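Heads up, the next two complexes both have chain A, just with different partners, chain B and then chain C.
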Partner chain A sequence: MFRDIRPVLSALLRNRTGAVLVGLQVAIALAVLVNAVYIVKQRVDLIGRPTGLDVGNIFVLSSAGFTQDHDRYATMREDLAWLRSLPDVRAATSTNAIPLSGGGSSTGIATTPEASSEQTVPMNYFQVDEDGLEALGVTLAAGRNFRADEILPPDLNSDRAIPQVIITKALARSLFRTDDAVGKVVYDAFGRPTTVIGVIEHMQGSWLSWDKVDHVALVPEVASWSDNAYLVRTRPGTRAAVMRQAEEHLAASNTTRLIKFVRPLDYYRDRSYLSDRNMAVFLVTVTVLLAGVTALGIFALATFNVNVRTRQVGTRRAVGARRADIVRYFLVENWLVTTAGVVLGCALALAAGYQLSRQFELPRLDLYYLTGGVLALWLLGLAAAWQPARRAAKISPSMATRTI
Partner chain B sequence: MLGYYVKLAARSLRRNPGITSLMVLAIALGISVCVMMLTVYHGMSSNPIWWKNDRLYAVTLDSWDVQEPADDEHPDLPPWQLTYNDAAAVAASTIPLHQVRMVKTTAVLVPEDVAAGAQPERVMLRVTSADFFTMFDTPFLYGGGWQAAADAGPEPVIVLSREMNEKFFAGENSVGRILRWNDRAFRVTGVLDDWHPSPKFYDLNNGGFDDPEDAYVPFGWIAALELRSMGNTNCWKPESRNSYADFLNSECVWIQSWVELPDAAARASMQAFLDAYVADQRKAGRFARPDNNRLTPVDQWLADNRVVRDDNRLLVALAFAFLAVCLLNTVGLLLAKFLGNASVTGIRRALGASRRQVFLQHLTEAGLLAAAGALGGLVLAALGLLGLRALYATGSAGFRNIMHVDGWSLVMTVMLAVFAALAAGLYPAWRVGRLAPAVYLKTQ
Partner chain C sequence: MLAMRHISKVFRTDLIETHALRDFSLGVDAGEFVAVTGPSGSGKTTFLNVAGLLETFDTGAYLLDGVDISGLSDDERSRLRNEKIGFIFQSFNLIPDLDIFDNVDVPLRYRRMPAAERRQRIDSALDIVGLKSRAHHLPSQLSGGQQQRVAIARAIAGDPKFLLADEPTGNLDSLMARQVMDLLEQINEMGTTIVLVTHDPELARRAQRNVQVVDGQISDYRPFAAQAAPAMAGALA
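Then we have the complex of A and B:
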């Protein structure tokens, strides 16, 4: 194959413009392809992270009273008792915030009573009752659940001490450098102690774009934010039916309140990842179009080269070149152009990757992606030139003697 | 002359319909992706109240923890909201022409006569000052806002959005009618016409493209009804909070504050007012951080709060890379085509056409291609933006609203078309003009 390169190269150099144009297309295509795929991979990984929650079987129901005599806590007790009595409901809890939704509460805790702000670790907390663990579908790795008598009554306006807390392994590691946190004590901003009674394997909290999204704690407290909200976990396959049933029943059971919404937990996860998902969709779409247009450019150049050399190909065939030789000639020519573009494209891709990492705080481009991109463009180039090369091979030797 | 060139170009383009449609398609694809991304970018980065950019200012003060800035990633910025007391102090100033302090919250509003068919509705509520409507130039369909005295009372008055007025009062003039909130009768003083400023510059808490609230009530209802914010409430100081009054007096920031200052002199005296207030508060042990008292105009406010995301800048860059590939492609095809047709050009040259004329004839052809490509590109962009809206179906309506072909998109399309014609046509037209006619005449 390599003995073909010299004549091909000299032919190419005599008619550079078309080759340069296609080479530039290949270079830009490579730079875009590699970086786009790299960014898409990051987004897909981000979206695919485990939540630790039984997302597919949980729904959220929120209601608000609209009269002054509306007793929200009595309503809450009735609602939860009714929800828990349903055969298809595994667990239900009141909550102050919806996991994965982008809204929630956080506070700082530390391992010493007199901690400076550097020693304080942020913690995203969810007020739940003894059904909280089961309703979230999280796995307890060590320790125990809250007992019913440990759940503190609602109290919106005070900053009271919380005796017990259940935390995630990730939060335990940030606090104690170990997962083994059961029985250990953490301190709030006032230096008041709280005992860790359980450790959750993994759970994502409120803010999916936060680097400490897994720094989550469950707090044994009846949620007291402005409106009632419940997390309900159903048996597999029954969620949609239970949601309908719950909305109908609860709307009718109490006429001084309004059901604000009943939504599957997936709704919040999808909404939080909407821009990441769409970014991936845009990048894939534009990259596919770009590859298509580049392939078209390669195809057009190869076709042009075959057309202007019909007579030359005929002559070569007449003096003994086989069809395979002709195919090889055009493929090598095209490969040279692609390769020149790829070399330039590698430099462009790295430069673009560097700019992206600097300006947009993305991680530096992984070189595997560059290797993959080079291979992909070589293949694309060969595939695009294949048909014109085959057509060239079909040129009859008699063309040598014909005027065009 | 131009007419003749166009006729020539059209004839030449018709001769190779395959290549022509390939070139048009390439230009159309390139332009459509650019127009889409630029339309979205422009929508996100626009200033929805540009005519008041030199008058409206967001007020921020750095009341945060001395040990760390409010935002680690942007340590130069103060927290973007005020404490309840600081907002009250700013509101007490008589320097601004208009001023508002406000918070977004939620409520259930009940029509007085439920039997008439209207149901209780959960609404997003802006608790704000009387000046809100004049300051932000909100259009009114019926009635108007409330008097400044209603803020302090607070009086039970309410302004509805057009959409809410449809729901509660079937779109009729509802001024003077009653909606109940927590068993209190709120009298409608006005109904807004369609008003969807995007970005929602005056409150970026819930994202830059959050929808405007459904209703507005006087600011005094915050304390009267012990309301909490539906946006962010950020607290840094460990301080005992055992009542709602403690919360109001805390270092938590949750109130948005805007002032309208008609000229530079007013701005300077407002700045002096803020600095003096902070200096005074220092004596009481507050404001331990260095002075960072800001009056930020709307466009700077949108930039400081990073309404346009990095992703959008990246997509614009990507779109132009794509356009570059499409145009390179077109240059290649056009060149091959022009050179393939060199014999005709040779005859023209031999018959007396100047290089300049040959150049212009071919450039006209490129221009025609670009025009067709731009037309196709605009259609593709309109379809693409429809697709984008579908992708954002679950997002905020304000964000979807920027995804349509507008005047700006048309201007961009025309500019891109001119650019495409020149970028794709200049070199091939120049090359073909340089050909020596004799060579081509000989082979015939």
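Then we have the complex of A and C:
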């Protein structure tokens, strides 16, 4: 192939307007494609991060009383007792916040009672009962679960110490530089001690865009949220049915409250990632369209070149070119245009990647993506030029002797 | 060198069948300079295309330098064209984007010759046509006559067994035409067989033998000298 390059390049340089335009198109396509795919990959990775939760089998039910004689804690006890009695429910707990939802509670804890604000580690906490671990579907890596007798009644003033806490490994590492946190003591913002009794392997908290999303603690306390909210974990394949059953029963069982919503946990995860997902879809669409337009540009240039060189191709065939030689000629010509665009596109892609990383604090462009983009555009270019090149190869050598 | 026996070639459309060549037989010996003449539409170009392996034929037999053309694949026909035939076209058919050197180089590249040999052959061919000094000019920078000489250089650079010339002076003025014909005669004297297709009787007279094609058939098949002698005798009387 390379022995054909010099005369092809020589001819190309004498008719460069179309080639320059298509080369620029390839360059821009490469710069956009590489960075878009890289950003999409980051979004996909972000969305695909493990939550640590059994998201596919958990649902959230929220109810609120609307009469003066509504006893929310009595209702909560009744609701949880009924939910736990269902054969398809593995566990149910009250909670002050919904994981992955974008709403929740946070505070700071430290390893010393007089820690400065810089020494305080931020964390997201969930008030749960002894069913909390099972209802969330998280894995306990060390230590133990809460006992029923350790669950504290609601604390509406938030002014008491919490004796025990279960924390995630990520939080343990931030606090103690080790996963081995069981038995260690942490202190709240008021310097009150709390003993770590268990360590969860991994769990994402409420805010998926927070860089400390896995700094989570479970607190043994009846939730003191304004509404009653339950996290219910079902057996695989039964969630939808249990959700319907729970909504119907709980609505009918207590007429002093209304059911605000019954939603699968996926709903919150999907809602939290909505902008990431939309951006990924948008970028994929733009990338596909751009690749299509670029392919059309290459196809159009190759088709034009074939059409204006019908006599020339006939002459080449007459003086001995095989069909394969003609195909190769047009593919080499197209490859040169694409390569020129790709070289410029690499520089543009790196510059765009650098600017994106500076402006939006994105990681720097991975060169594997650049390499992949180059290969993709080479293949795209060859594929787009293939049909015109094949058509050129079908031009009869007798075209050389035609005078019209 | 060239032996055609009972060749026929029919062009078909949905409505019309055109018999471009019918029962066409012609032999050309090595070293001959033959002119094929005939009026427009007589089948000259079809003969040229078939003789030059640019088109296939329907029936008959064709031996080119001892090779039976029937049944050859497209690639084999391309290789034969490249190795045995040099083409000279009425419109020169130079590639406008390539300089003279690269134009002459085109058939040699398709023969996969080493670069050094190609260079030597191109220099030699351009020397024969007197354009060595213009090797790096573009065709558009040359006159019509010079462009046709470049085309002749391209045709002879591969050292073909025979040249097929299609109205080689059709786009040239009389002075240029004479120069081109002189060049063709010179090449023929070096041993290359030439078949010249033309409608111009003046040009045909310079060939050793004249073949006239009418309605796809040879109507007259004699050496030109034999044709011209009675007329000359009559004129002198």
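Quick notes
Keep in mind that, in the parts below, the second predicted complex is superposed on the first by the 402 of 404 C-alpha atoms of A that agree within 3 Å, B and C clash if a C-alpha of one lies under 4 Å from a C-alpha of the other, contacts with A are read in each partner's own complex, and residues count from 1 in each chain.
The rule is short, and it goes like this: a contact is a pair of C-beta atoms (placed from the backbone, for glycine too) under 8 Å apart; a residue touches a chain by one contact, two chains touch by 3 or more.
Quick caveat: nothing in here was measured; it's all calculated off a predicted structure.
Model built by superposing both complexes on chain A: chain B and chain C fit together without a clash. When the shared chain is aligned, no partner comes close enough to touch A:L140: not chain B, not chain C.
When the two complexes are overlaid on their common chain A, residue A:Q68 makes contact with chain B while staying clear of chain C.
In the superposed pair of complexes, A:R311 makes contact with chain C only, with no contact to chain B.
Within the superposed three-chain model, A:I47 lies out of touch with both chain B and chain C [touch as defined at top].
More residues of chain A are touched by B (comparison of chain B with chain C).
By the document's definition of touching, of the two partners only chain B reaches A:A31; chain C does not. Of the two partner chains, chain C is the only one touched by A:A321; chain B is not. Of the two partner chains placed by superposition, A:A251 touches none, neither chain B nor chain C.
Of the two partner chains placed around the shared chain by superposition, chain C is the only one that A:R14 touches, whereas chain B remains out of contact.
Note on the superposed arrangement: chain B and chain C approach each other to a least C-alpha distance of 12 Å.
Comparing the two interfaces of chain A, the one with chain B and the one with chain C have no residue in common.
For chain C in complex with chain A, the touching residues are 45, 48-49, 52-55, 74-75, 78-79, 81-83, 87, 89-91, 93, 95, 97-99, 102, 105-107, 109-111, 138, 154, 158, 166. Those residues of chain B that touch chain A in the complex are listed here as 22, 26, 29-30, 33, 65, 67-68, 105-106, 108-110, 120-122, 180-183, 228, 238, 240-244, 246-247, 309-311, 313-315, 318-319, 321-322, 324-326, 328-329, 331-333, 335-336, 340, 388, 391-392, 394-395, 431.
Residue ranges on chain A touching chain B, taken from their complex, read 17-18, 21-22, 24-25, 28-29, 31-32, 36, 39, 64-68, 116-118, 157-159, 188-190, 225-227, 257-258, 260, 267, 270-271, 274-275, 278-279, 281-283, 286, 289-290, 293-294, 296-297, 300-301, 304, 307-308, 356, 359-361. Of all residues in chain A, only 3-4, 7, 10-12, 14-15, 311-312, 314-325, 396-398, 400-401, 403 touch chain C in the complex they form.
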